[in-house]
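First the structure, in the form of C-alpha cells, and then the observations on it.
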Amino acid sequence: MEKLHYADYLQLEKLLSAQDLESEKKGKKAHDEMLFIVIHQAYELWFKQIIFEMGSIKNLFNNEYLEDKTLGLINSRLQRIVKILELLNDQIRIIETMTPLDFLDFRDLLQPASGFQSLQFRLFEAHLGLKWEDRSPVERQYFNSRLRKEERAILDNVIAEKSIRELIDSWLSRLPFLEFSNYTFWEHYRTAVENMLNSDEQSIQENHTLSDPEREMEIKNLKATRESFETLFDKDKYSKLLDKSEVKFSRKAMLGAIFIFLYEDHPLLHLPSRILNSLIEIDELIIKWRYAHALMAKRMLGTKIGTGGSSGHQYLKKTAQRHSIFSDLFNVSTFLLPKSQVPVLPDEIMERLSYHFDVLRKG
Amino acid sequence: MEKLHYADYLQLEKLLSAQDLESEKKGKKAHDEMLFIVIHQAYELWFKQIIFEMGSIKNLFNNEYLEDKTLGLINSRLQRIVKILELLNDQIRIIETMTPLDFLDFRDLLQPASGFQSLQFRLFEAHLGLKWEDRSPVERQYFNSRLRKEERAILDNVIAEKSIRELIDSWLSRLPFLEFSNYTFWEHYRTAVENMLNSDEQSIQENHTLSDPEREMEIKNLKATRESFETLFDKDKYSKLLDKSEVKFSRKAMLGAIFIFLYEDHPLLHLPSRILNSLIEIDELIIKWRYAHALMAKRMLGTKIGTGGSSGHQYLKKTAQRHSIFSDLFNVSTFLLPKSQVPVLPDEIMERLSYHFDVLRKG
Amino acid sequence: MEKLHYADYLQLEKLLSAQDLESEKKGKKAHDEMLFIVIHQAYELWFKQIIFEMGSIKNLFNNEYLEDKTLGLINSRLQRIVKILELLNDQIRIIETMTPLDFLDFRDLLQPASGFQSLQFRLFEAHLGLKWEDRSPVERQYFNSRLRKEERAILDNVIAEKSIRELIDSWLSRLPFLEFSNYTFWEHYRTAVENMLNSDEQSIQENHTLSDPEREMEIKNLKATRESFETLFDKDKYSKLLDKSEVKFSRKAMLGAIFIFLYEDHPLLHLPSRILNSLIEIDELIIKWRYAHALMAKRMLGTKIGTGGSSGHQYLKKTAQRHSIFSDLFNVSTFLLPKSQVPVLPDEIMERLSYHFDVLRKG
Amino acid sequence: MEKLHYADYLQLEKLLSAQDLESEKKGKKAHDEMLFIVIHQAYELWFKQIIFEMGSIKNLFNNEYLEDKTLGLINSRLQRIVKILELLNDQIRIIETMTPLDFLDFRDLLQPASGFQSLQFRLFEAHLGLKWEDRSPVERQYFNSRLRKEERAILDNVIAEKSIRELIDSWLSRLPFLEFSNYTFWEHYRTAVENMLNSDEQSIQENHTLSDPEREMEIKNLKATRESFETLFDKDKYSKLLDKSEVKFSRKAMLGAIFIFLYEDHPLLHLPSRILNSLIEIDELIIKWRYAHALMAKRMLGTKIGTGGSSGHQYLKKTAQRHSIFSDLFNVSTFLLPKSQVPVLPDEIMERLSYHFDVLRKG
C-alpha cells in the first residue's frame, strides 16, 4: 500500500486546480482576478472549519446534562472560532492591495455572481441563530432568488435545527442558580439595583459640568436603564420585548447570564462565564467583519452597484449590528453592579459554588 | 558633563510616576484601575506622535511648490500615522481583558472625568479637518462645558489653521492636470462615463435573477450614481452639495483626485495617488477605531451612562462615519471607469507624465 | 473640591512634557527622534503594567493554599500580560517606518545611552525568574557597568525574591496529584511510555522513504527522547541536569506539569493547565520579541555598533532562546502520550478530579 | 447560457470536498484533524497566490529596460506578498488552539507525510533564489527522497530559471548610477566612510562606561566593520566572499543598492528604494515564519520526531536565517552614513535625479 504523501493527504490536485479566471476565458486576462478568487476560497475554507466546530458545539450542548469537562471543550472550540474570525478580519488587508481600477478590470465579467450567494456564510449565520424573520423583506426575496433550490433546502434545514443561540438559551435557563431553597436571590438583587440607580441619578444631578441639554439627555438615558431593569423584573414587560423581538433570550436565560457574570469568579461559574464571553467575542468579530467589508466595498465601488447587482456598502453597513445574535449578552452589562454592591450569597450557597484541590488530599 | 543615560533621556522618572489610582486615594484600591490609566496614557503618547507628524505634514504642504521629493516625505509620514492607528486599534484587545465587573469597581470614582476631554484627540480631529459646524449642537455644547478655557483656546487655534483636508484640497486644485493646451480631457471622460452607465443599466435590466423590488432598488442606485456624476459635471449642482456640506472637497479638487486615480500608474502620478490612498487608510482606521470603541463601551456598560455622564456607545457609533474627513476620496471610486474605457491621453501628455532612468544615460 | 478632570487624572502635563529631542538641544533637530522617544516611552509604560500584574500574581501565589478562585484570577492576569506582549510585538512595525538613514541622523547623539539600560525590562526578566548566573559573563559585566548603583540595588532585590518560575515550581510540586493512596501512577505511565517509544522506533525503521543518513539522525533523536525520559524516571540523572542547569524545574514540578497536561480535560485540572499554557505563551512572545528586535537592529545598523556601544543584533539573537524561562514547560510535550495510550485513572480518582453542576440541584 | 454563480466561479464543490480525515478512515475520528487539514490547505492556497505574483514580477523584470511605470507595478505586487506573509504569520495563532494531546490523537496516522513535502513552498524558495547548494547535504538528500520525481522535475526547472534575487542583481548592476561622466562617486564615498569609522572608534575609546572586555568586543566589532568596507572597496576581497558564498549579490549590485539607499529621497530613486525595502520585508517575514514554526513544533512535540520522521524544531530553527535570500540587503545598512556625512552630488547629477510637476505647466 502506498505511503501517505503530503500532496495526496491535502488533495492539492483538486485544491490548486480550482482557480480559473473569467477574464482569461474571455480573452482579457486581469492579473488581480487571481487574488480575488484565492481570497474568497480562503474565506470559504475557513467558513467550513467554523461550521465544523459549530456542529460539534451543538452536539455537545445537545444533551440534557453538561458536566464541566464538556464546558471546557465547548469553550476551547468557541475560542478557536474566535481566532479564525480574527484572521478573517485581518485578511481584508490583503484585498486592499487591489485598487478600485484593478477591480473594475474584471468586475463586470462576474455579474451576476455575488458574495451574497455564499451558502456557507448563510449556514454560519443560521447555526449561530439568525432566522428568516430576522432578515428584511428585500433581503429574504434576495436570497430566495439568488440561492439555488438545493442550497436553499440545506439552509432551511439548518435554520430548522436548534441554533447555538437557542441551545445556550435552554442551557442558561436550566442552570440551577436562580431559586435557592430558602434564599430568594432576586429580592436582594432588586434592592441592590435600586440603590445603584439612585446613586447614578444623584451623580448626574450633582455633575455641574453638564449643560442643561446634556443633563436632560443623561436623565433620559437613566430612565431608559430603569425601564430595562423593569422589563427584567416584570414578566409581562419582558414578554412584550420578546414579541417585538427587541430581545432574543428568554427571561430565565437572561437572569442566568446575569447571575453568572455577577459571581463569575466562583469556581463553578468560571467556565460558564468564559463561554458567554466567547460568544460576545464572536458576535463582536462578525459585526466588525461586516462593518469592515462595508467600508471596503465603499472604497472599491463608491456608490456603484456590486457584482451581484446590489449595493454592498449599504447592505453590509445596515446588517452589521442588526444581525447581531448575542446583543442580549452585551446588554447583560446593563444589569451588573459594582462588586461592593453585589448581594453576598449565604455561605451554604457559596460552598456549593466552590471546590477545592484538597478534596484530593482527603483521599 | 554627565554621560547620557537611558532613564534620563526618556525622562522615566516623570513618566513612571504619573500613575496614581483614584481608588487607592479613596482607600479601596481597584487592581484594574492601573491598566485603565496606563492604556489611556499610551493612547495619549501616540496621539502626541500623530499630532507631531501632522504638524510636519502641514508645514510641508504649506509651500506653493511641492516637488516629488517632498511628496515622498509626506507619504512616508502619513504611512507612519497609518501604522500607529493600526496599533491603537489592536490596543483595544488589552482593555478587553478587564471585565465589566472589574470596571464597575472604580468607574464611579472617575466621574465626571471622561475620554471626551482628551484635548489631543480633539486636536487630531481638528488637524485633519473637523470643524465646529461638523459637530452636532449637543456635541458642541458638550465640549464647551467639558474642555477648560485654555484647552478650548488651543483647540480653536488649530481649527482656525488650514487643516490637512484644506491643504490637500488646494494642492489637488492646483495640480496641472485638468486643462491641457488643446485637449479637453473632461469631454472625453464624460462620454466614457455615459457609455459605462448605460452598460450598467443594461446589466441590471438583463439580470433576470433580480426580483422586482430588487431591480427597483438597483435602478434607484444607478439613478443616484447618474446624479452624482451630474453634480460633478454641473458646477451649480456641485456647489449646492457644498452648501448642504454633503461634500467637503472643492469640485476642482475632486476632478484632480479622479484624474490621479484614473492614471495612477503613470510615474508622475504614482506618489500623488499613494498620498490619497494613505488619507483614505487613515480615515478608515479612525472610523474603525470609533466603531470598535462603541462596541467596547456597550460591552462594558451596556446602556449605562459613561464616566463623563454620557452614553459612550451611542455617541461613538453615531460619529464613527459622520466624522469622516475624507469620505469624498472614498467616493472617487464612484467616478472611476474600467481601464479599457478610460480615455487614452495624447502622446504629448503621456510623455509629460513619464520619466525614464535613461535620462541619466544621456549624461 | 475640584471636579476630576481627564488631563489631571492621567497627569498629562507630566506625560506630554517628557519628550526632549537631543538633536534639538544640539541644534540639529532630527524629525524622527520624536518617534524614537515616544515608542520607547510606550514600551516603558507597558513594562510598568506588566510588572504591576506580575507583582500581584506573585502575591496570589504566595500563600500555601490556592483555591480555584485564585487560579482564575492568576490566569486572567497572565492572559493580560499575553495581550500586552502581543501588542509590544506589533509595535515594532511602527519603528520600521524609520529608515536606517533617518536613524543615523541622531543615533550618535544618544551614545552611550542604550536600551540595555532599561531597568524595567531587567525587572521583568527577574520577576519571571532570570538570575545573574543565567547571564553570560560579558552580559553581567555589562549590566554592572551600565546600570546605576540604585538601579542595580532594585534589580538585586527583585532577583532575591522568589520569582514566578520558583513559585510555579513549588505550586506544581505540592499539587496532590502525584502519589495516590493505593495507585502508583508513575508505574503505569512508565509502561505506557515504553510502548510509545517502541512504536516510534518501529515507525522510523519501517519508513522506507528515509535515506540512511536521515534514519541515523532520527534514531539519534529517538535515543535522545529515551534518555530524556530516563532523566525523568531516574532521580539522580535528573539532578545532574539540574546541576548543569539544563533544566530549571524540580523533578517533582515536572511530574506535576506532565500530569496536568495528560489529564487537562478533567475539571479540576482545567485552570492549572490554562495557567501553564499562559506561561508558555508569555515565554514564546518574549522570545519572538527579542528575535524581532534582533532583525530590526540588523536592518537598522547592519553590523554597526549600537548606541550603547554594543552589537544589538548578536546580543538579542543569542539571548532570544537562551533566556527562555519556561523552556521546561515546552519540553513537557516530549513526555505526553496519545490519549489512547494515557493510563486510565481509577474511578475513585476520576471522581475526585470532577465536580458537577448538579451538586447544586441537590440543595 | 447559464448565469455565473458564486459557487461555480469559486469551484466550491472541489474546494469543499477536499477534506478527508485519515483518522476517520482509520475508524478513530480525531476532531482536530479537520483544523490540521484546513489550515494547511489555506497555506497552500496562499502559496499559489504568492508564486503567481512572483511569476509576474519575474516577467516584469525580464526585459532589459524598466521604466518607472513598471517599477510601481513590481512594488505593489511585492507589497501584496508582504501582506500575505503577514497573514501567514498570524495564521499560526489558529493552530495553537490545538493542544499537543489533541495532535497526538492523529499524528501517527500521517506518517510519513510531512510539511517538508510541500512543493509550492519549495517553489516559493526557488523563485526567490534558494539553490540546491544553499541547502545542507542532509536537507538535499531529504528532498531527493521525499519529493516525487515529477515534483522534483518542476522544482529543478524553477531553480534553473533566473531567480528574483538574480534578476534584482542584474537590475541593480545595470542601474546608471555608478560612474558619472567626470565625477567619481566612490572616491568621495570612501573618504566619507573613513571619517565615520574613525569617529566611531573614538566614541568607543571615549566611552568610559565600557568595561575592558566590552571595549575589546566593540573594537572587534568595529574592526569587522572596517573589513566589510574593505571587501566592498577591494574587488578581490569581495570575490573571495562570493566564493565562500558569504555574500550573494555581485559587487556592482551592492554598490547600486548602497547608492539607492544613500539618496533614496531623490524622486528617481524613490521606487527603487521601496522595492529593496519590500524585499527586505519579505525576507524578514519568511525568517519570522520559519522561526515561529520552530517554536510551534517544539511546543507541539517537544523533542519528539515530526510526522515526516524529522525533528521539525531543529530544522526550522537552523534554516530560519541560513536560508535568508536578501541578507545582503540587510547588510547595506552597514555601509550607510549619516546624511550630514553623505557626499553631496554635483548639481548636474542632482538635476538628473529629480523631476518636477511643473514640466507639465511648461506645456
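Observations, loosely collected:
We just call them A, B, C and D in the order they show up, numbering each chain from 1.
Here is the rule we use: contacts are C-beta pairs under 8 Å (C-beta built on N, C-alpha and C of every residue); 3 or more make two chains touch, one makes a residue touch a chain.
Everything numeric in this text was worked out from a predicted model, so none of it was measured.
Distances between chain centres, each the mean of the C-alpha atoms, put C farthest from subunit B. Compared on C-beta pairs in contact, C-D and A-C come out with C-D as the pair having more.
Inter-chain centre distance (subunit C to subunit D, centres taken as mean C-alpha positions): 29 Å.
Averaged C-alpha coordinates put the centre of subunit A at 33 Å from the centre of subunit C.
Each of residues 3, 111-112, 209 in subunit D touches at least two other chains.
Subunit B contributes residues 28, 99-101, 104-105, 107-108, 111-112, 137-138, 141-142, 144-146, 199-200, 203-204, 207, 209-211, 213-214, 217-218, 221-222, 224-225, 228, 261-262, 264, 280, 284, 287-288, 291-292, 295, 298-305, 309-311, 330-340 to its touches with subunit A in the complex.
Across the interface of their complex, subunit B is touched by residues 3-12, 14-20, 22, 31, 34-35, 37-38, 40-42, 44-46, 48-49, 52, 56, 76, 79-80, 83-84, 86-87, 90-91, 93-94, 96-97, 110-120, 148, 151 of subunit C. Chain contact summary for the complex, subunit B toward subunit D: residues 3, 65-69, 72-73, 175-177, 180-181, 208-209, 265-268, 270-271, 348-349, 352-361, 363.
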